[in-house]
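First the structure, which I've put down as structure tokens, then a few questions once you've had a look.
We just call them A, B, C and D in the order they show up, numbering each chain from 1.
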Amino acid sequence: MTGTYMPESPNNTTFREQLNLAQHAAMEADKSMLSFGLGISDPKAIFGTTANLAESFGSHRVFDMPTSENAMTGIGIGAAIAGSRVLMTHQRMDFFLLAMDQLVNNAAKWHYMFNGQMKVPLTIRLIVGRGWGQGPTHAQNLQSWFAHVPGLKVVVPSKTDAVASQLYSAIMDDNPVIFIEHRWLHEQQCGSTSVLPLQSPHESVRVHRQGADCTIVANSFMVLEALIAADFLQHRGINVEVVETVSLEQSEWQKIYDSVEKTGRLLVCDSAHGHFSVASEVVSSVTEQCFKALTEAPRRLCLPPYPEPTSYYLTKPFYRNANDIVAAVAEMMGVKVAGGIELDVSTPHDVPGNWFKGPF
Amino acid sequence: MTGTYMPESPNNTTFREQLNLAQHAAMEADKSMLSFGLGISDPKAIFGTTANLAESFGSHRVFDMPTSENAMTGIGIGAAIAGSRVLMTHQRMDFFLLAMDQLVNNAAKWHYMFNGQMKVPLTIRLIVGRGWGQGPTHAQNLQSWFAHVPGLKVVVPSKTDAVASQLYSAIMDDNPVIFIEHRWLHEQQCGSTSVLPLQSPHESVRVHRQGADCTIVANSFMVLEALIAADFLQHRGINVEVVETVSLEQSEWQKIYDSVEKTGRLLVCDSAHGHFSVASEVVSSVTEQCFKALTEAPRRLCLPPYPEPTSYYLTKPFYRNANDIVAAVAEMMGVKVAGGIELDVSTPHDVPGNWFKGPF
Amino acid sequence: MNKLLAYYHDVLRIRLIEEAIATRYSDQQMRCPTHLSIGQEAAAVGVSRSLRVTDNVYSSHRAHAHYLAKGGSLKALIAELYGKQDGCTGGRGGSMHLTDLDAGFIASTAIVGNSIPLAVGNALHQQVQRLDHITVTYFGDGATEEGSFYEAANFAALKQLPVLFVCENNRFSVYSPMTVRQPSGRSIVELSRAIGLRAEEVDGNDVEAVHKASETLVDKVRKGEGPALLECHTYRHREHCGPNFDDQLGYRAPEEVEQWMQRDPVTQLHNKLVSAGVDESRLVLLKQQIEDEIYEAFAFAKASSTPNPDYNDRYLYA
Amino acid sequence: MNKLLAYYHDVLRIRLIEEAIATRYSDQQMRCPTHLSIGQEAAAVGVSRSLRVTDNVYSSHRAHAHYLAKGGSLKALIAELYGKQDGCTGGRGGSMHLTDLDAGFIASTAIVGNSIPLAVGNALHQQVQRLDHITVTYFGDGATEEGSFYEAANFAALKQLPVLFVCENNRFSVYSPMTVRQPSGRSIVELSRAIGLRAEEVDGNDVEAVHKASETLVDKVRKGEGPALLECHTYRHREHCGPNFDDQLGYRAPEEVEQWMQRDPVTQLHNKLVSAGVDESRLVLLKQQIEDEIYEAFAFAKASSTPNPDYNDRYLYA
């Protein structure tokens, strides 16, 4: 592969590098593939995730675009229908609101309404912002919108070991796939796990941690918070099962139901607003499927029902973190858990790490 | 009031007439009010609902518009911020997908992100199509999208007696309100109930019928189906409570919880797709609030997870009707209900009544 | 003369098909919103005669003429209107979602303006793959008010894509005249030029003029000289959606209607042929042949089996 | 001379404010995406000098200059960047969502192109209510690629609304040059004329020229002669978002940068004043006064109390 980030040891790799690698591999594997988006080939290369793609594959296949989100989405769909494999990238999901007509009225329905005669191999990367004053219009995660529309697939990565294979399989999927990336994950190291091969079969649900006391269902950045909470709880004798919804497709959630059948308790950690949401669907699907097994009312930990304010001082209580998860689990278990997780006080609450210096 | 439909006896009035009446009254009451939409002043007057408005109030206040849904929504928002009260109308919700950026990034957040200094008194009427080949892109109801966005109010009328007061209070509300009208309701007679005064206080939840055996939560056209089913079930000794969610705002749903506390059973009839939906929210809110009271797993009766096909032959099983409700309730009660409701076989399944001759 | 006859055949064929649909629509067996092309046939015929089978077409809600002129199957169209298994989408899409891939007619869509970007994307594929094919996108005057037209045209001009935009300006969007939608003095052609398209306008009821103008533009588009737009001035005879005449509603000036009716493309061609000395009997025969074809198509559609709703969940995903 | 001095004061004031923000940004206490107007001050000043307090302004993500030139409170701006209670939105909106209703600066928004329709709606209200006020909407060259610009301009022209579109063409959208976004030969002015706007272009770094051009247009707009557009050719000196210079990244030709730096509005005015014989000491004094004002504003912002997140759910609904 040309021009790809290739870390010396796979464990040293980051989420961002893995995203880049998947794109290089896909462009290489399918010569019909096109990739475009605002700033995709500029010096910042979408937080580094699209680095070297234009250089490696040429500006006829990888290109920047006018600020025309609606038509450009239609153009991506039209090219995909014609036989190109298409990847589009948006620096923020919020900008993509301009393109809902193309996405919902065309992409999602095309294969269906033309009776299977055409298909739309299109993947759309949408990046969700958070903190550093992203504010009301640069931090939205409308994942439940996409999940509600028949004909769209929604994939929400969270871990560096799987993200390359998840993006690769999204791109190679012959259906429109919405790929929702949280900005705070980009520098996440792979850690001790090894990277999954690009062509690994797609797992809709990943069970990251086994436990008999409570099922925590999470996605995106909340998976990381859930794993921290799980660690802490384990040292207090509470074993939670951490289950990730990689695909927002409730017919593929059997592993969640299996888990709740075992634990009898459900806590859903959604990275979006909680009302009329993905969390609502998890709670209702589980309630329908596992009613007898549930020993407690399921709970949701989600964003409050107002927009992200911009100010540092106002965002403090906006996002749920590992301590909130610990508290919720303790309440559900009817136990007191002493102390709290010592958060890294050297990092302000509105940045993912000290590497982040703003402004975007 | 000038030029309004004024039925001789209020009981003779239709949903359409009541919508028209509310608009005349609002235009009269607030001289700053503007109203626009494609075809609003054309000979068909949005299925008659906007008849005589332009004639009565002038083309500077009531006007047709270019086919520019996105900017026109922004223009409505801008006029509302400036001090006009604004009503927009779209013949199909599907067309309004072009305007999600304006709705979500501007209208919904304006009052919040400018810290209460401005407000957006804007109501958007969205008509949901069904049958007669409306098909994949003329029959969508994305009500859960709007309900998921903080800052929007969503009002879904179903009955002729209340619709005028519901539209009137939506218009007079100083917040953006999405008003979702089902096309099949337009010719609904008021029947024996009397019309509520225009200025009646808004009821978020209406309990149409009391019953101790099962709570049916429905909105829009499904309220009518639920009432037919309830009648039938009563004659079989099963008493269901029919509760309507007029507002899609779960913090205002106490009456639903009260009902389920009494009945222990919940059937949700959603007029949209069931996954990641309003039905999901009803089920999860009820499960969280009434966990102990629930004796059975709640159920959802919704549209299947694929688009409405166009053909008469294909839509037959697409919509849920009163018989489906009867069957679901019977199953939840663990009883057999003999026979079925005799549907009016003189009316084809894809039209609301024989008055409907197509094509739109 | 042969050329005139060929035009006449194509235009008349679409006219007779649309009239047959109109006549039978009130039987209530074609249960979907249907936008007839009656009065606007010349644009479709003129443009299509400049195209190859391998060229691709996208269209809007009013697509019958474009579909037929490009060679779309008549039987599959009629069966589609009847919601039958043999319809071009098996009954899923109806009149507003036509397709015939063999004929190069990719698709029509029901949302105003939203197939224009698809067509431009199709042309992008053609350019990147260095195909010798071009794309045509048909739409109405109303569609030029959508940002999707503007954004798509900008990108087509930026990349010099092989796409021909064909705007059938029939003066109306449903019942709404230009005066409530576009500023006075608006020229769609000048606007398109300012966006960066090569643009021409033509009498859209004169099939020969349309053919000539589109041939010139198609030639340049195919040579890689960039995208172009052809505005065809025309008029619809009947109501916006549905089978009837609706001038009793008074939304169009009777003189305007009258004037356009005199410019009816079928009548014009008929008169030209007669003036050129073609025997009436030849025209009658030609009409009879078309009517036979139409009769067969309706018979086919009615005999076609009804699609099975048990398979409604098929093809949600590829 | 007094006029020149007044221009100089306004332009320099914005420059010094923006530079002060840039200097302090790395303290990491202004924690929000911030798009500086450095290099583009003349457009805001020239246009604002043609406006009345009762006229209204909308702007985009790069709004500081427009807000300040219209008379927006400096203290409220700086406090907003610090996320404080006394910020113009109490910390909710940050740099990209400014407002000062007393000054007639209605709002800026963060989504490219999406405040343009709002401004047109504001003008619709002004027209229907027969107010003697006009609306200005500022946006960049990139925003003209959005359908929202096109659709809004069409409606403004259709209704002859009292709105002035001001496009600051700084050649870039983030790092993207015109060549990847708009066809070669594109003229925003000609495009706007084809849409139906009265349109002019001007050297956006020449505050006098901007003032003159905008005065003429504003006059016509106010008289009800319809909407207009003014394109101001200009350049941003620093990175798209954030406080730094970024020309080391190589996305702009050094000669181009150099050339534009020589046309810096502040330097130009300074040189003009010196040539006109204004005493340097007078200019130093003027600068000192501005710096005092800025010092105070920062002191005010830092001293302002922090907003209370317990009230985060306020003002969700009116």
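The rule we apply is simple: a contact is a pair of C-beta atoms (placed from the backbone, for glycine too) under 8 Å apart; a residue touches a chain by one contact, two chains touch by 3 or more.
Chain by chain, the UniProt names read as follows: A, B = Transketolase-like pyrimidine-binding domain-containing protein.
These numbers were taken from a predicted model, which means no experiment stands behind them.
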item	value
Leaving out subunit A, the still-touching groups	one piece
Reference subunit D; chain at largest CA-centroid distance	C
Chain centre separation in whole Å, for subunit D relative to subunit C (CA means)	46
Gap in Å, rounded to a whole number, between the CA centres of subunit D and subunit A	36
Numbers and ranges of subunit A residues touching at least 2 other chains	65-66, 68, 70-71, 94, 97-98, 101, 105, 112-113, 135-137, 150-151, 305-306, 309-310
Residue numbers of subunit C (touch at least two other chains)	89-90, 92-93, 97, 109-111, 145-148, 150-151, 154, 158, 180-182, 316
Chain contact topology (line, ring, star, complete or other)	complete
Contact footprint of subunit A on subunit B as seen in their complex	70, 94, 97-98, 100-101, 104-105, 108-109, 112-113, 135-137, 140, 142, 144-145, 147-151, 248, 250, 273, 275-281, 283-285, 287-288, 291-292, 294, 296-300, 305-307, 309-310
Subunit B - residues contacting subunit D, complex	32, 34, 60-61, 65-66, 68, 70-84, 101-102, 105-106, 111-121, 150-151, 153, 174-175
Residues of subunit D defined as touching subunit B within the complex	56, 58, 89-90, 92-93, 97, 99, 101, 106-107, 109-111, 114, 116-126, 128-129, 147-148, 150-152, 154-155, 158, 314-318
Residue ranges of subunit C in contact with subunit B within the complex	25, 28, 31-34, 83-84, 87, 89-97, 109-113, 142-143, 145-148, 173-176, 180-182, 241-242, 249-251, 306-309, 312-313, 316
Residue numbers on subunit A that touch subunit D, as the complex places them	38-39, 42-44, 63-71, 94-95, 97-98, 132-138, 304-306, 309-318, 350, 357-360
